[in-house]
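Following are the structures in question.
Both complexes below contain chain A, partnered by chain B and then by chain C.
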Partner chain A sequence: MKPKGWKDLAPGAVVLEGGSAVNFKTGSWRAFRPVWKEENCIQCLFCWLYCPDMAIKVKDGKRAEFDYDFCKGCGICALECPGKKGKKAIEMVEEGK
Partner chain B sequence: MATGLTLKELSKKEDRLTHGHRMCSGCGAPTVVKMVLLATDYPVIASNATGCLEVSTCISEYTAWKIPWIHTAFENAAATLSGVETMYRSLKKRGMIDKEIKFIAFGGDGGTYDIGLQSLSGAMERGHDMIYICYDNGAYMNTGIQRSSATPLGADTTTCPAGSVIPGKLRSRKDLTKIMAAHNIPYAAQASPSHWMDLMKKVKKAHEIKGPKFMNILSPCNRGWRSKTNDSITLSKLAVNSCYWPLYEIEDGVTKITYTPKEKVPVAEFMKPQGRFKHLFAPENEWLLKAVQEEVDKEWEKLQKEAKCG
Partner chain C sequence: MAKVVAVTGNEACANALRQVNPDVCGIYPITPQTDMMQRFASFIADGKVDTESILVESEHSSMSACIGAAAAGGRVVTATSSQGLALMWEMLHIASGDRLPIIMPVVNRALSAPLNIHGDHSDAMGARDTGWIQIWSENAQESYDNTIQAFRIGEHMDIRLPVMVCLDGFIISHSIERMEYLEDDEVKKFVGEFKNFLPLLNLEKPISYGPLILTDLYHEYKRAQHEVMTKVKDVVLDVAKDFEKMSGRKYGLFETYRLDDADIALVILNSAAGTSKDVIDTFRDKGIKAGLLKPRLFRPFPYEEVAEALKSVKAVCVMDRADSFGGYGPLFMEITSALYHIKERPVLINKIYGLGGRDYLPSHAELVFNELNEIAKGAKVKNIKEYIGVRE
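Up next, the complex of A and B:
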């Protein structure tokens, strides 16, 4: 989004486009990257529920990939993931490695 | 399921708080808001007191809210929303609007326990049809971890720093949920994001009750709690299981504990992973750690008695 001058703003600086934050990517904040291992996933969707950044995509009620444009790498999903037979379906890997 | 509260079904709903917000990595507050909005099956208008949630979800032209959302000052989230709700009732009466719209005010503990308490009390007493939701992280985190009246006993903050003079905060937190219930409002409740079903059921119930409702929701803050970025759910679970943060509701004056831990864990288990309580584990501060446990036990017993009396 191009920055606007004060004359371009709506009166009262009201933001007219709901959810415009989707244009602001936060993925570069990440130091650790969560990696999804589908074979260990039991589709419980806890990761989707607990993600503070709405960075886990779900399609038709099924877990899909991470949205790396927005994931800040907090690791909550990996910690809460029950996985299958003690094997986690999410692993945190250092970025750049 | 009769409640419609399966994650599979919930995941099909639109995000009404979107990504791209700038809350810290691993913050508990966006998850709290997400759960509240997922449990809201109505068009909803929100006001937001100054605090992390407010300043980080709407920066300049970037808003993470997909609902009408009003940025208020620290002290007047409840007052602002009272006005909006009154206008809505008036428009409805005059036949200019027929939609069923719900109203939610969000505030942190600074904006709720302290600075906004007067306007909150007023809105509740006047009986506005709204839910006020406090996301309680136990200090003024946004401005750099200053103590609030929600800061727990013994916690280290920048305005009650643990050191050779004092061992952190020497006062207990005030029991806001009970204070709100003492307004004789139809519904006051306490919830935690670790117990999402309980939280969502409470929100759903609150929406169906006419009049002023209050919910106090624990909201871990890894910056101020000096904990890891991945532990907001784990810590809120420990808060519940230690009875530091009991889950209960007070409906028309009747207290009900909505979740009793199978095994009540020592409050130290909740405190240990948090740097703000680190000093309490030094031998010279043992007395304070003991005092915290005694206080938790006392409050839990009191709550159980209240629940028995109905």
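Up next, the complex of A and C:
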């Protein structure tokens, strides 16, 4: 696609469509990757509730995998995860390790 | 029928805002503007307008609230001075970058330190590069007229930019002058119904303001912003034409006074222009061809038109009521830029006057005209930039 010139831009840099954040993948910002351990998951969906983006997928009312295209690795899900018997269902692992 | 009144500049602007009846007003007090928003708040409290007032905790918040309200789709106003304008600084850029036509009278006042509440132009000159349209006013009548015209200019569909209407603190904001109010109906008809451009509250068409734009497009967006400014001059003149039809009062990009055949001239903003005109008359009586150019539209600056108006003058003094420490006065820099491109141009000098509300007296203008007269006859310029009315 040819890059836009200055005459092609929307006034005031207004984004003229809704939901366009989906076009801009932000997963590469991540330094720590959340890893889901299903065996410790009690399906409380706190992670889905607390995720500031929409990086936690839910399928048929149940916790599914992370959406790593949009997870920036903030770690809020891991912090909020109550886990099972003192064992977290989400752990943060350094990227590249 | 126009109504003749004796009012202060603040009262005149507050009444202009009442007649326009905006949707939202951000209110935060600061001398010497306080009295303008206080009067406007009374109009709100008395049900004279339908405006929603937002009482905020700072000018930064005031401009932020105005940006939100304007993006939502309202006709929005506020007013400020000095430190208040300085505190708004980052939000001023956002208002213009988002193309939101917020209208803001700025009652010009000096900047701290040292603390000073009186009239000078340092505040608005500091906002020169914020992307706002700036219109400057000599007296209460011009402040009122410019405030009304600002709505038509900023809200024009080709423009959609915020506008500052500048008037001198205390000298104009608090002095009572004779002036004429337009009828409420006339103003209402003149500014017209507010037309939305890209309102956030349109649920049918969700949009976003203020995205992240990095190296790929920021340069292009700023180029586009400059392009909008190049269209402002024509809109200002069209609006002035309509305003003249209604009021009988003529406005342009700048005002000239006895400039056509002048050998020597001042370029001077706002209230001090009035004092200078009187002095020009006395010099003309002595047979000395003195004149004046008073800029009205400062941003965007009408370089070509100003150059055309000044090109035949022999010596010009640009008077600045603001300073750029280690540089020339801000108005001087504009005038030199305007004149550089013509071959035969006047000799230019720069005087800094009236900082922090120091009186600008006819005797000051006389000294400057006498110096210009010598320069016009061939005397050498001793110092390009000097301070006048300053104690040694």
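In this text, the second predicted complex is superposed on the first by the 82 of 97 C-alpha atoms of A that agree within 3 Å, B and C clash if a C-alpha of one lies under 4 Å from a C-alpha of the other, contacts with A are read in each partner's own complex, and residues count from 1 in each chain.
Quick note on the criterion: a contact is a pair of C-beta atoms (placed from the backbone, for glycine too) under 8 Å apart; a residue touches a chain by one contact, two chains touch by 3 or more.
These numbers come from a predicted model, not from an experiment.
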item: Partner chain(s) touched by A:6 [first = chain B, second = chain C, both, neither]; value: second
item: Partner chain in contact with A:61 - chain B first, chain C second, else both or neither; value: first
item: Per-residue touch tally on chain A - higher for chain B or for chain C; value: B
item: Partner chain in contact with A:26 - chain B first, chain C second, else both or neither; value: first
item: Contacts of A:15 with chain B and chain C, given as first, second, both or neither; value: both
item: On chain A, the residue positions that both chain B and chain C contact, one per complex; value: 4, 15, 17-20
item: Chain A residues touching chain C - in the complex, by the definition given at the top; value: 3-7, 9, 11-20
item: Footprint of chain A on chain B - complex, ascending; value: 7-12, 15, 17-31, 34-35, 57-59, 61-67, 193, 196, 228-234
item: Chain C to chain A touching residues, read off their complex; value: 97-100, 160, 197-198, 205-211, 213, 216-217, 219-221, 223-224, 227-228
item: Touching residues on chain A, where the partner in the complex is chain B; value: 1, 4, 15, 17-26, 29-30, 44-46, 48-55, 58, 60-61, 67, 69-70, 72-76, 78-80
